Structures are given as C-alpha cells and as structure tokens.
Amino acid sequence: MSYVIRRLRAFPLVLIGVSIIVFIAIRLVPGDSITAMLGTEAGLLTPQQRDSLAIYFGIDQPWPVQYWRWFTGLFSGDLGISVTYGKPVLSVILERFPLTLELALLAMLIALSIGVPAGIFAATRNERPADLGVRIAAMIGQSTPSFVVGLVIIYILSAGFGVLPTMGAFTPFWQDPLQNLGQMILPAITLGCAFASSVTRVTRSAMLDVLSDDYVRTARSKGASERSVVWRHALPNALVPVVTLSGIEFGYLLGGAVIVEQIYALPGLGRMVLEAILQRDYALVQGAVLFIALNFMIVNLLVDLAYAALDPRIRLEGR
Amino acid sequence: ATLRMAWAQDATGLDPHKQTAFSSLRLLELIYEPLVRLDADLKIIPGVATAWEFSTDGKQLTFKLDPKAKFQNGAAVTSADVKASFERILDEKTGAANRANYLSIESIEAPDAGTVVFKLKQPDAPILTAMTDTNSSIVPASEIAAGTIGTQAVGSGPFKLEKWDPNSKAALVANKDWAGGATGVDGIEISVLPDETAILAAMRTGQIDFALLNDPLIATLVPNEPKLQLNRAPLLAYHVLQLNPARKPMNELAVRQAISCAVDRKAVLDTASLGEGQVTGPITAPFFASDPNSLFCYKQDVEKAKKLMADAGFADGFSATVIAATGEPPTAAAEAQVLQSQLAEIGVKLDIKMMELNVYVDTWLKGDFDMAVALNGGRPDPYTMYNRYWTKNGNLQKVSNFADDTLDKLLQDGRAETDPEKRKVIFAEFDKQLAEKAPWIWLYTGYGYTAQQKNVQGFVPMPTGSLVSLGKVTIQ
Amino acid sequence: MRVVKAIFSHPSGRIGGAIVLVYLLVALLGAVGLTPHDPLMQYRIDRLHAPTSSYWMGTDLFGRDVMSRLMKGIGQSFTVAFFSVALATLAGTVLGLTAAWYGKGWDTVMMRFMDVLLAFPAILLALLIVTIVGPGTWTSVAAISIVYTPIFTRVVRGPALSLKSRDFVDAARTFGSSRSYILTRHLLLNLVAPLTVQVTLALAWALLTEAGLSFLGLGTQPPASSLGLMLSDARNLMEQAPWLLAFPAVAIMFSILGFNLLGDALRDILDPKTRRA
Amino acid sequence: MKPILSVRDLHVSFGPAASAKEVVHGVSFDLGVGEVLAIVGESGSGKSVTALSSNRLIDYAGGRITSGKIELLRADGSVLDVTSAGKQELTGIRGAEIGVIFQEPMTSLNPVLTIGTQIEESFRLHRGLTGAQARVAARDALERVRIPDAERRLKATPNELSGGMLQRVMIAMALACNPRLLIADEPTTALDVTVQAQIMALLAELKRETGMSMIFISHDIGLVAGIADRVLVMQDGKVVEQGELSQILDKPQHPYTQHLLHAVPHFSSGTAARTDGARTIAPLPRPTLEVDDLVVRYPLKGGWFSKPVGAVHAVDGVAFDLMPGETLAIVGESGSGKSTTARAVLGLVSPTRGAFSVEAQAARPGQSRLPVQMVFQNPYASLNPRLNVEQILAEPVIATGTPIDKAVRDRMVALLKRVGLPEDSLARYPHQFSGGQRQRLCIARALMLNPSVVVLDEAVSALDVSVQARVLELLVDLQHEYGLAYLFISHDMAVVERIAHRVAVMYAGQIVEIGDAKSVLSDPQHPYTRKLIAAVPTIDRRNQHFELDTRQVPSLVRPVGFEPPVANWLQCGEDHKVRAEV
C-alpha cells in the first residue's frame, strides 16, 4: 500500500513536466488558433480583428500567464474549453475515451489469446518446424505497418465481399453490443496483429527460459503431466515479461492509435489529439496529453502491482 | 428517407461569419442562407432576399426579403436580422472573414421589416457577389444579442443541425419551414471518414449514399463502380505556383517569364490530377476568363525560357525553395514534384518543403517563401477574387509582394464599372497583363467531386463546390 | 569479427544477417547511383506503368522507376533509422549509466524526466517536434531519437545497477580504479550485449516510426524517397497501381524481419548463458 | 531378494545424435530394498545424470540413454524396464515410486505457487485426493518433516521460507506418496552446516521410519558417512570404486577416493590445524591490520515519508587484529556478518562506527596505496567476462597510475606462473578457464600490487574438493613467500582447519569466540561454536544421530537507537577468549 502511495506521490511531478512540455511545444508550432480557423483568409484580418480573436481564443496573454491560468484551473478540475468542440475539454476527452479504452482492451484480448498459446506452442516445440513457422509468422506480423494491414483489410472486404462494418459513428457497447463489436473488431484485429506477434515472441522466449528452470524439473519428478507442467508450473512464471510488454503496449494504445483510427474513421483519442494539434486547439491538446500521460502512468503502476501479484519474489520498493 | 453522407474533413466550427474552411462551409451552407445565392452558372439568384437593385449612381443597394423566410427557431427573417448580421460582420471585434469585402458600406438601413438598404461610400459592383458567400449568412439578431452564434446553429436554410460530434458525425434534419419548399430527404446523416479510400469502400458496400471527395486519385475510381455515380464540376479555385517577386531572382521579370515558359501546365495537370481539370489563366470564372492559349507562354517553350534566363543573367539557373502544404490540396506534393522536374530543365533547382497546413498558412501569410504551391479559392467576380493580392492596398500584398500600377488601375476600374460587358473587357486585359507579368504561374483548375449511389437524384454540382442543392436531392 | 562469424553460424543469424547485408548492399548501390534508372527521372509517357522488363517494379504517378526509388528509399530509411538509433543509444547510455552510477538526486531527476518523455504519447511527441522544426531527414532523426532515448536509458540503467554491485566492480574499487575506468571497462563493456539486441529491435521500430511519420506527411521530403513515403504515396493509388504499395510494403517487412532475426541471433550469441564454450 | 533398482552398463549422451557427447560411460550398480547408496564424486562426474536416468528425467535436459538397462522393482512386484518405458508409465512412477530431492531448494520450488499447492499436487496426481483431503494430507506431510506451524506454512510461497525450511518442504513433497526409492541429489550443498546437520538427521530418521531405499548424491564423503550403507565413487562418468561404507572409508583403493577422504576435517584431535602459527613468537610485531569496534548498520525505511524505522545490525562491535604472515579465519552461519566485516575492511561499505588501521610494511617495490586486496567467493563473478587476462591483471596497476611497461608485464607472467596458470593465458578470457583456474587468476590479480593483507571471502567454497585443496596449498605457499596476512572468511570448517592460524566465530553480527585455531576447533567454549563444530560431518561419526533443532537465527533488525550490551570476554587459553553470554 505504501508502495502505491509512494508511486502516486511522483505522479504530480511527472504530470507537471508533461504539461509544461506540451504547453511550450504546442505554442512553438507555427500558426495559431486564428490561422487554423480562417486559413489564408486570416491575412484579411485587421490588427484589431486579430486582437479580438486572440482574446476569444485565450492566446492574448504572455505564455507564463496563460500557463498559470490553465494550471490553476486544473485544481478545480477545469481543463479549459475546447474551441473546436465548444465544450469543456474534460467532457470531450471522456466522450472519446470509452472507444479508445475498448479498442485497447480488445486489441490486447486478441493479442493475448493468440499470442500466449502460440508462444507456448512454439516454445514446447523448440527449434522444430512448427516453432520456426510460428516465429516467422510472428515476425511478419510484427513487421507489417498497421496502415498496410488496415488498408488491405478494408479493400479486400469492401471490393471483394462487399461488406464493411459501419464506419464513422461509434456505437457504445452498452447501446448495441453487436453493432459495437462489428465496428471495433476490424480495427482491433489490425492493432492486435502486431501486438499478438510481439506477445508470441516474448511468450516463447520467456517459456523457453522457464522450461529449463529447476522447479519445472521438480514438477516432472512428481509425475506431473506435460500439460500441467507447461500451463500450471511454467506459464505463471513466464508471465512477467508478457505482462510488461502488454502493459507498455496497452499504455500506448490508451493514447489512441492515430493511424488505425484514421483508417477506420473511429472517433478515438488519438485522432482527436491529432485534429486538435492541427486545429491548434491548445486547451484540448494540453488536456488530452495530460490525460494520456496519466493513463500511461496508471497502467505502469498496475503493471508493477501485477508483477507483485504474479510473482511473490518481486518486492515492490522505490524504483 | 435520410441521406447518409460522408466526407473526409469535418467542419471546424459553427460561426458562419468566421469559418472559412471549405469543410466548414459545406456544413454551414446547409443550415444558413445568405441574402443571395449563386446558381450553377454563377448567376445570382434569390436567397433570403427575393429581389435586389442598385441605385443608378451605384451607391445604394436595396433588398426585398422573402416574407416566407423563417429561422429554424420559428422567427421570421426580418430586415433587423440582416442589419444585425452585417453589423456583426463589420464589427472588428467579431473577426469576421468577409469584412474586407464590405468596407465600402457606409450604413445599413431597415425601412421596414421586409426591406434592407445598404448605403455605399462608392460604387461597388462586386459587393453583390460577395453577399452570396456563406460567410455573409443572415443570422438571427436575437442569437447575436445572446452571443450564441458559434455554439448553436440557427439559420434559415434547408436543414437544421440536430447533433454535431466534431470529427465524427453530424445529424441534420429537414427544416419544415424552409422558404425554399420541402426538402427531398428527411435529414442528412454525415459521417467523417478521414481516409478517402475508406469513403470509397463504404460507398461500395452501400453504406453511404453520398460523399464529398477531394482526391482525384480516389474520385477517378468511382466511375468503375456500376452502382455509383461521380459528379464533377469545374471549380473556381485554381492551382498555382506562387513566385515571390520580392526575392531575388524572382524580382526579374525575365526570370518569372522564363519560369512561366518552362512550365508545361498540361503535364502538371495530367500527372498530379490524372488530367482531371483545365489549364487556366488567372481569372477562372467562366464569364470573365480568357482562352488560356491566348495568354503569355501558355505553350511550354523551353528554348524561350532559357533565353529569358540568359538575358536576365541566370544562364546557369539558380536554386530556390518551394513550399507546399501536406494534403492540402492532396495534389500539392505531386504538383511540386512535377514543377521541380520541369524547372530543372532551365537550371532552376527547386527544393521542396512540405509543411503541415497551419505552418504553411503561417509562412504563406508572412510571405516567407521563394515559391509556394497553392490552391487558392476563386470567386465569381474577378475583383473580389484578386483585389486582395493585386491592388496596392490589398490585404494580401505581403503575400503577393507585387504592386503594379496597371494591375491596380484595371482592378479599380472593374470594381466601379457596373456594365457586365465593359467589365469583361477590363478583366480580359487584367488577365493578359497578369499572365505576362507572371508574378505567379497559374496552372489549372480542378473539379469538385461528389460521388453518389445511382438512386440519389437531383444533385447539381456547383463551381464553388457548394452542396446547397442537397436541399432538393431525393432518394429513389 | 568473431561476432560476425558467430552470427553466420547461427541459424536465424544467418538469415537475418544475410537480409540486412542485402539491404545494406542495395542501399549502397542506391547511394552511389547504381540504380536501373534515375530515381528522380520522370518518364512522363510511362506513368503508372505496371512492372515490365524495363521497369521491374513498375513506375509511379510521375513515371519514375519504382525499383530505383526503392533502392534509394531503403538507403534513406536506413539512414534515418541508423542515425536516430545511434543518437538514442548514445544519449540513453550516457544518461542511464550516470543515473545508475551516481544514484540519488541525479538518478531521480533523470528518471523522472525520462518518465515525462515516456508518458508523453510517442507519436505526438515526434509529431510536435517535426511540426516545430519542419520536416526533413534530420528532424526525423532527432524526433525518433528523442522518442527512443528514454527506452535506452531504462535498458541501460537496469543492468548497470546490477553490474554496479557485481564482484568485479567491487574488486575494481578495492584497487582504487578510477570512476571512468569502471564506468567504461566494467559497466559499459558488459552492457554491449543487451544494447546490441536493443539496437536491432530499435532499428526495426525506427523504420516503422519513419514510415508512420511519412504516412502523416511529416517524414522524408519529396522527391526523395523512403519506404514510408513510398507507402504513403501509394495508398490512394492502391487500386490503380497495387505494385506501388506491394513492393515497399514487402521491402519494409523484410528489412524488419532481418533486424529481428539478427537481434534474436545476437541475443543468443552475446548471452553468456547460451554462448558455446 | 531382488534389488529395487538394478542398473547395468548405463551410457548416457547429450546433444543431437550426430554430435552427441557421452557423459556416462557404462555405470552398473544394484540398490537393495531399504538400502542407502551414496554416489560421490566431483562436480561434473556424472552423479546426477546417473541418478536421474532411473526415472528418465534426463530426457527433459536433452539427455538420452544410449545403451544399458535400468530395472525398477515396482510396488506390485513387477519389474519395469525404465529405458524402454512409455511416457504414461514414466509419469506413473515419478513421484509415486521414485521421489527426488534436488540440490537447490530455492530454485527447485515453484516461486509463484504456495507450498501447500505444490505438496498437494503429489496427492492429487497419485492418490486422487482433492480439496480439503489434499490439504490435510499436505499438512501432515509438512508435519512429518518437522516443520512447526505447518497449517500456516501451507499458504506461504517459497520466498517466505529459509533455505533449510525449503529443503524440508522438498523432502515432504518427494515423500508425499511414500515412494519406495528416494533420490537425494546433493540435498544439503546449498545449506549452512548446522542446517545441513538437521536435514541429514531428518533424512536418516525418515528412512528408518519408512524403510525406503535411497540414492544419496554428494561430493562430500564425510557427509555420506552418516547415512550410507554402500558407496559408489564416480569420476569422469565412470565408477572408479564401489563397496560397503566401511570398506570404502577404511580401505580406499582408488587414489581419487583416498584424495576425497583426505579433504575431510578431523577437529577433535586438532591434528590437522596449522602449526606454523605466528602468535607464539615473541616479541609480537605490530599488527598489519587492526580492527576496533566495527559497526555496520543498514537503516530500514518505511511508512509514509520513508522515515527510518530500525536498522539491520549487520556487524556490531567487531574487534580483532591480524599479524603479518598470519591467517585469521572468520567462520559463522550465513548472514552472520562475515562478508560485511570484510567489505568494511576493504572500504566497500562505510562503517557506521569503528576504526581500523592497516600498517603498511616497509615500502616495497610496487606497493599499492591500498595494502589490502581481496579475493571473492565466486571467481566467475569477480572477473569481468569481457576483459582478457592481461587487461584483468593490468587493472590494479592502471589504478595506481603506473604505465603498463615491460616490468609490469614480466610481473604478470611471473605471477601467472607462480599461481600455476599456463603462460599463454594472457590473451584468454575468463570463460576459457575452469573454476579453480579462475580463482588462481583472482589471486594473481590480488598479488599484482604486493599487498600486505589479502581478504579471502569464501574464496574456495565454490570449488571442488580436490581443486580446493590445491588452491589452499597455493595460498599457504604464497603466504610464506610474501609474508601475507590473510583474513579468511568461510563457513566450511574443513577448509578453515587447514588454513587458519586463528579463528574468529561470528554469530548475529558479533564475534563470540576468537583464538588460535587448534584450541578453538578442538576445545570450543561458546555454545554456538560447539554446535557449529558438532554439525560438521566427519568420517569418524558413522551413522550418527543428530538432534533435531529447529531454532531460528535471531533477527538482526533492531529498533532505532538500539545499542547492544558491552561484550564481556572470558580468557580461556593463552590465545583463546570467548564472549560471556548474559
């Protein structure tokens, strides 16, 4: 418990760091909310028009003042107002988050349910043709850019079979589970493809390590069947690296999968942030990046706690 | 029936006076109406106003409003709303995009609920065309007072915005009170599919009835589909290679002309847009445009170009950087590359710098480039289209960096002249001069594309790219 | 030299090494201009030509030879990948090593800073850097290396911490060996193995990241080619000219396959546990 | 009567058929019912491979029985040919008829499963017990191996128990289904002497209780004396000698067996202790190393704001001195603070308190700034695997800022020769040497700078008996030659007996007895010393019964500000004093 508290204590510091970087970075990017809205027509504005728009977008003050204003707002849960959505940043983010979360969970589910068995399968057939087959498949999966996978899936389905899940609007799971899964399954597969490949490889090598450990020999000396040796004795010990990998990937996916969201037209966090950057929606970018960073840290913390749950040898101390 | 529609880019905001992005206008023009509109031939037709007339001295413009016109909140459109709308546009605090077009307005009067009178400081023929712009839409005075323009969309157009989830979807429902009569569909459901290949895929599976396409590479695939139909309309917007005459050696007329002669405009069109478009001179509105072949060096002439270069003292060529925006238009990178290879023939070494759109806009507005590949919007009226660049106090002088007495005078003349035929002569001369002085190298105009299932009927493509005819579209 | 020999006697090392060598060779040919055609030459009449005997991989929208562009593009992609990984390795090693060695405040500050970078969505970080500085080869290099530096820092710091408490380091301290000697000879030298493996993996990721950046139009600048840029240019032509997508996609797949196989082999070769005595 | 296990001409190979390497070359033996067969031999001689062939566990390590016959007498009286048995039959006998205890209890138990689950598994597999039944059976099994508070331990995971406890759990697991044959593969090697004694006692007792047969593997012939009926000596995969226990111990035939016997300690008489001791020579020179009231504490932090909540008193008030040419051995159980003392002397940990001074002898050429050098326990870990021998030997010299010239290189070659390494070693890497050679390398490195004190922390513990003997001889020779003072840390009494002039016994961070080797070893005064010495196996104590003692070592964790009471020393010999217990 005190470990969790100690880790949580570090959160604000990291978040402040993230917020400062994003605050400065987004303002260093040429162009501002005004050019984003008006495009080249912004050149027709009179200085006065420009000033009044700057006040409207809240970009009239010097940076430190702007930061301070935003930062103090944080304490009352106010992340500012998104200028594109005309809504509080937090509510925009929370609208997008369920999709991103679901996509990440589905991708992870797919990755684990394919990757772990495949990795075990390969490990128990070490260096035999079956192992080689799995490994090559995994490497190919890992090395194909997700946009290629996505484009090819869409093309084959639409041109070849004339089917395609509804794109564009997102139906939350609790509204219509079937339609929701129909929409999410392809993107999840696209993401899960590379993810499953990594899981396969990590599982395989961890299992190979573990299978040569002493306690596996002990289990065999007790007369345990091969299945029990692999699934009951070896696998739990091989899970730490798998959890590490899944945690990192999952953490990244919670930040949104820009390219896959783009291809499948999913209104997720990743695309939202990208659009927000392109629109110079400063408050939204700041809020979203902060939110993503927080998620990432929470996932990391959960992963570390998972270690301790998985392996009693691991004691949680500082870092 | 509901029309299921898709586009790749969503509107970026709801304030009709401020939003200038193509994607925003496509949504807002279905909700709001200006005083007057353009038809497919760019002729001015009634909007909120049913009739209009210039006074004989050209300094007074009177509109009669459509008594049937009603805002979506049920209130009638009155002259007070028109006055309030234009005052909002003219107020510097608003930051309205179209304000520059109305600087000649001296006062606005509303003698009765159905009449609006614009008093002008000087004759201003193009002001009427400017008023066709969605950026000059009439909004309810009550909404202005409440300060809700931009957060709520209350217009007098054919559709009412029911729900808008930016970058995801929008739902429009038919406006039963629309002065234009009953709409052909009960509503429009718009999905934002950022990848145009995905739009095409969705149309193939019949998921989408109607889509707006930007990329000619995708659009040209539509005719191959038996169930789909491609609509295209020549656009007023023009693809152009902007030179910066403030920078050496583009300050030399001969160099600019050499570049103009070295460019094979047709080849640029054929490669970057798969031939989808027409080579164009500076003026793109069909009524005013001259035959491109009559313009200076519109037939590629590398020998002449080389000679011009040598005359200017650049026989060995020079190096320059050309900026272009990523994906805006989708053909920009390709155009830059074709131009690069063509100009290499006369020794001009181009260095392409692709920029994110906003960065590009920022750089472009500062005039901080040697050359720029651009897709600039066109207007039906040459004066409205070009005064910003080629008059001496044009707002975008910083961008064009080219002040020329002849051009300035021709534009001023064209503005004051109200006789269409005389204006045509003035602008033909302007067209010729501009091509010859070659501050920019005009390339071509493309098409605006929409794709639809064949059971969708009644859509009229427009040179402005406008989708207003969706108001009358039906699904069989 | 020994390592090279070991790689080629390792089954997956042989394949991976061969693939990487072929790519390097191709990149080299591309760099010195030994391509079937000029990669920038626009053969206008042959635009969007399917593969033929004169254009083995067809031509693109501009009538440029895809094969020549691919050869050149491999060089470009590899340059970005190599330099960015090299920078990240260098920075990560220095930071990780000093963080592990000095511990305390420096460690805390460094690792927190790395946490900040890690917590920052990677692709956004790269995106911001590229939009601020403007795209180009070296911006991509900088962006990718900044994204990977925290990973390398962690990869170095962990083992460095454990090496720091190994007996031979204690022994060195009893001799009074200097700090720099211990850091380089005892820590760094023993980190070569985990680093090498990480480097091959990072090379593969860097290739994908470069492709991702180019996909968003922020990577390599036209008319130069890179694997990612070729892929992204090809996507809207996927139906008219599938070869434009197919060849770069296969090229990127094989190169990553090569790096991964090589990494696997190096892991075996450099790991004392599996090293053949 | 039929033997329970009969092995005939067993050959075992490793690796793929094409490049197979045979490691057991024709081993034959018979094991009678209720008999204990000890297999002794040095590391790598094939002991484990031979034993684990009897239930074909070597299959999983990549081994293959290439020829020979192994016949197991099953409980129902049938005979099973293990070499040709199918998978099904093999899993049937494993655990049920043949139980195995491995060497490393820490790694041989599954770290993520509770003790209970692991023991219950045997009952589930072979007895078909489930749920509460299995749990009760598991508890009984734990009680059988004398684990106190068994009910609670069932829920513990391996990391929560000490090594000795874990080995008991292993035994409980192996014996769960009352196998008729138990293979104990060096079950005590990883444990402290006192714990070892308890495990041996337990095994002997269980054997008596159940009447099972046992194969007991060890490299320590003294240890087998306590339990074996018959002994089989292996070398290089072959049986070199085989016979009744007394026959092997009293009339060893093979030179290797004689060698093994020689390495066993004989304290009671004190005959083996070194007699070249220096303490009696008067007048005493100034000590080379003097340690006074050395205290090392590690703070324990906890709570919300990382406040210190206590401290580990790793070393608490240690004092001793060391004369030139003398060896002081520090003995004690694991965790008693031996290494910490050494590290403090070397300046690797900073002491909380206390002083030590090192008297440099008259300046000698190449004298280092630090006249104390160290040789570590694990020769592999203390050599950087990526440096070659020349670089390794050069390091101390580089550290003093001396350039590596011909003189230095000559010294390297001379030292290598002196410690008995081939001259061409300079260009080789640590992994190309055997364990004993590596330790010689470490010794050579420590001598590069002509130190006056060498600290040897478990310097020979990782080595085989015969190799150990040779390294010890070398150390003694070097001591004579260079007048070195050794601070020799070990838990192995046999080794201490052979090298120490004086012995200090540490217990829970404190020295409890110190004095000359002969008198401490043959006439221990402190109860702890006595217990320690009594636990050392010797061939004189055949089939001896140990008392089972399950007391735990006291915790070293003390509250903040705790100070131990001042020591009260009793003199009990010319050079022998003992701490008075209160």
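As written, the chain order gives the labels A, B, C and D, with residue 1 at the start of each chain.
Note that in this section a residue touches a chain if its C-beta (ideal position, glycine included) is under 8 Å from a C-beta of that chain, and two chains touch if they have at least 3 such contacts.
Which chain is which protein? Per UniProt: A = Peptide ABC transporter; C = ABC transporter permease; D = Glutathione import ATP-binding protein GsiA.
What you see is a predicted model, and the numbers here were worked out from it, not measured in a lab.
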| item | value |
| --- | --- |
| Pair of chains joined by more contacts [C-beta pairs], B-C or A-C | A-C |
| Remotest chain, chain B as reference, centres from CA atoms | D |
| Distance between the centres, which are taken as Cα means, of chain C and chain A, whole angstrom | 22 |
| Separation of mean Cα positions, chain D and chain B [Å, integer] | 87 |
| Geometric centre distance via CA averages, chain C-chain B, whole Å | 44 |
| Centre distance in Å when chain C and chain D are each reduced to the mean of their C-alpha atoms | 47 |
| Contacts with two or more other chains, residues of chain A listed in rising order | 29-30, 151, 155, 159 |
| Residues of chain C touching at least two other chains | 131, 216, 235, 238-239 |
| Set of all touching chain pairs, with the criterion as stated earlier | A-B, A-C, A-D, B-C, C-D |
| Residues on chain D engaged by chain C in the complex (per definition of touch) | 343, 346-348, 368-370, 372-374, 376-378, 381-387, 391, 395-396, 398-400, 431-432, 442, 445, 449 |
| Parts of chain C lying in touch with chain D, wherever the complex brings them together | 166-168, 170-178, 181, 185-186, 189-190, 192, 272, 275, 277 |
| In the complex, chain B residues that touch chain A | 6, 12-14, 18-21, 92-97, 99-100, 150-151, 165-169, 191-195, 197-198, 200-202, 204-207, 356-359, 361-365, 376, 388, 395-396, 398-399 |
| Chain A-touching residues of chain D, taken from the complex the two chains share | 55, 57, 60-61, 91-96, 98-100, 102, 104, 107-113, 121-122, 125-126, 157-160, 170, 173-174, 302-304, 306 |
| Complex interface listing, chain A residues touching chain B | 29-32, 34-46, 48-50, 52-53, 56, 83-86, 95, 151, 154-155, 157-159, 162-164, 166-170, 262-265, 267, 271-272, 275, 278-280 |
